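Next come two complexes, and both contain chain A; in the first it sits with chain B, in the second with chain C.
Up next, the complex of A and B:
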């Protein structure tokens, strides 16, 4: 399992890799990847946290259907996600026409990349967040309400802090998925340096002409993914501790 | 119970292996790495041959990179002659042969306001009447179709070249990705091969480039030096020069190479 990862670092020397990162196109790609994935993550956290809380604590008609739909992008091939986004939100799509009239264009724009990343990465967060909220002792939430706290206050002051380790894990997984996104971005948003060409797209573009550049970008993504994974493991360890105190 | 399951799994694995061995003996499989633009023609040719082919279609530069990294490929067919020549100099493929030619065209969706115009008129309109600016998709640099496109644009007056490059919204990894952006209505115009417009089934219109802008688009093919099946690879290439392969290519809208 580790062989391909080690090979990325062994194929070219560290000095060569470092030099390749000085290229404008690779730096642009990393900057764009960071901006779009952080924006997507922010949208996922702001919208996804209350949504996951409602899914976890309310029983309503069509709840299981809603949960299945929310999780669908998890198993959807990225190319399918890209084609779906293109025919729905592209200039010829049924929603695309409306948003185009409103003066918003997504295809070939950085905003389109954010939409693609949000779409494919959100279920990674929602699943974890929902499980974290479901794992809370309902008596805590009840106690908060009995003491006169509103539903919103209960959510913000009791549920979110208590579910924090699960939320952090979900956020890290969603961020990792967003950073690695390739197929949906290429098909929906295209590939243009500085606008839509994120690091994975730049890697695919460089393989044919500049293998060292592709390896250097890959090395950065590996390092970042490893850091994310490590932070997830650390929060998971902290979780046991937190519950003991609670 | 556990032991029984294990025995069952083992039996299945062995049965699986047996099946593979048999198929290997019956027919030698030929792995052909080919430029995206060859997709339809090579698949049609594959139906006609005795050999069992496995095709891998992608941008020629990505396929060349795979061969450089030692991918087990028997035949390399690129949308230019420079990539096979470069691999030959590196000792990775045998002497390449130029087997077919193509034309680069400006292409637009069939309901486009630019459809039915000449290339000069269409480009003039795009550059001078900038509102709304057309969204262009072209091949990335290093991909043959992207390099041909830049060659064409470089022959335009400087201001026009810069204007068209300014309309480019996406640089795609292979020609089929360009076609997809146009058939879905995401983009307004692009540069692809004449055969790709034929393959798009009436969704796109080809606008022929004037002779002075037309680049020489010739395809090179070579046997990969490490091939386990050089005889079958040679047979496959022979069919491209004269036979079922050549017929399939001409049917798909390709042209005989210069000097034939």
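Up next, the complex of A and C:
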């Protein structure tokens, strides 16, 4: 499992990799990846946390259908997701017209990258967050209500803090998925340097002409993924809130 | 007048229906006792506003909390119920004092001071910064109690308040809980499957069977006159079945299933009956001994078990039906009571209660 990862670092020397990162195009790709993935993550957290809480605590008709739809992007080939986004949100798409009338351009724009990342990465967060909320003892939430807290306050003061380790894990997974996103972005937003060319797209672009540059970007992504994984493991170990009891 | 009243509350739980009417006066504690799954917790949840009954009215302190016919439903956060959950439901991510302060208004230092004062009432000020998982069972129970009192409750709702505690801490917890109920001055409703817990803490006990309160009274009233075999079983007296014959001059003879005939001073119709006797009313004599005293019921039995309960010994007997007697350790020694020994179980006709079957 480690051979391909080791190979990335062994193929070229550290100095060469470092130099390659100095290139304007590489730096731009990394910056764009960071900006779009953080923006997508923010959207996922703000919208996804209450949504996951409702899915976990409410029993409503169509709940299982809603859950299946939420998880669909997990098994959808990214290229198909890109085609779907293009048909729905692109010019002439059935929502795309409305968006265009509002003066927003998504296709081949940075905003389009954010949309693609959000679409593809959100289920990773929603699944984890929903499981974390389901793992809470429902009596904690009920106790909060009897102690004078409204539903919204119960969500903010009890549910979110008590589910925090699971939420952090889900956020890290979604962020990791967003950073590595390739297919949906390529089809929906294209690969324009400085506008939509994120690090994975830049790697694909460089691989034929500048192997060292591709390797340097790959090394950065590997290092970042490893750091994310390590932080997930650390929160999992430090989650001694007695959550397992719930 | 801070009366808690529950009128005709009906809650369907699967194929089972709970139908409860009760009133609890201020500074009084009513315990509802019944087996697990009898819908006791559902009733508390309805009172607290955590569940909606299918019908019925709940009111407290002159304020209607739930009334489906009027469409009234006060949300739980507006009811100010001091709800003590079965395993206390302390917030795991908050320290003891922050758990208590959760319901307190104000800010900063005043809030902390108030929370610690409440913890101090239960001798827990020193544990204010501890997380729930580092507290013992008894400490958790007291933090939860302090937290429930922080809402300045209009009623206290206790769900099996002592059952999560081990035997060594139960005594102290029970005394503290009794004192808290006493000093709070509000109506207290608590549910438990443990009759002893109810008898220790409550002024009055309601026995729940099949979703209904089948008998309500003080612990002494229930023990002296259990209204049914279910109640008699619950309060700890033994229950035996037999067939009553016509009244004679020495009371009503009852032919027990298993052979012997006993007498009761209770009036009853001829036919199938159940009689109850408190184990401490039953004496044990050597087999074949003559009637010396006034006890008219003399039933041959075989000892099946000998169990020491503190200063008493409970002797299990088989007289065709299970019986039990409570005797002193000296009696066990003198009569050489051991499983297999043949004895006579002896008790008075006047200690024999006839109850509904």
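The rule is simple: the second predicted complex is superposed on the first by the 239 of 246 C-alpha atoms of A that agree within 3 Å, B and C clash if a C-alpha of one lies under 4 Å from a C-alpha of the other, contacts with A are read in each partner's own complex, and residues count from 1 in each chain.
Please note the rule applied: a contact is a pair of C-beta atoms (placed from the backbone, for glycine too) under 8 Å apart; a residue touches a chain by one contact, two chains touch by 3 or more.
This is a predicted model, so every value here is computed, not measured.
Asker: For A:143, select first, second, both or neither according to whether it touches chain B, chain C, the two together, or no partner.
Answerer: Only chain C; A:143 stays clear of chain B.
Asker: Determine, under the contact definition given at the top, whether A:162 touches first (chain B), second (chain C), both, or neither.
Answerer: second
Asker: Give one of first, second, both or neither to describe whether A:209 is in contact with chain B, with chain C, with both, or with none.
Answerer: Touch status of A:209: first partner only.
Asker: Kindly classify A:49 by the partners it touches after superposition: chain B alone (first), chain C alone (second), both, or neither?
Answerer: It touches nothing on chain B or chain C.
Asker: Now for A:87: first (chain B), second (chain C), both, or neither, which partner does it touch?
Answerer: First partner only, chain B.
Asker: After the superposition on A, what does A:33 contact: first (chain B), second (chain C), both or neither?
Answerer: neither
Asker: Enumerate the contact residues on chain C facing chain A in the complex.
Answerer: 45, 48-50, 75-83, 85-87, 89-94, 102-103, 131-133, 147-148, 150-151
Asker: Quick check on the complex: what are the chain A residues that touch chain B?
Answerer: 83, 86-87, 90-92, 107-108, 186-187, 189-193, 195-197, 204-205, 207-209, 211
Asker: Chain A touches which residues of chain B in the complex?
Answerer: Touch residues, chain B against chain A: 59-62, 64-65, 68, 135, 137, 140-143, 168-173, 177, 180-181, 184-187.
Asker: Where on chain A does chain C make contact in their complex?
Answerer: Spelled out, the residues of chain A in touch with chain C are 137, 139-140, 142-150, 157-158, 161-162, 164, 240-243, 245-246.
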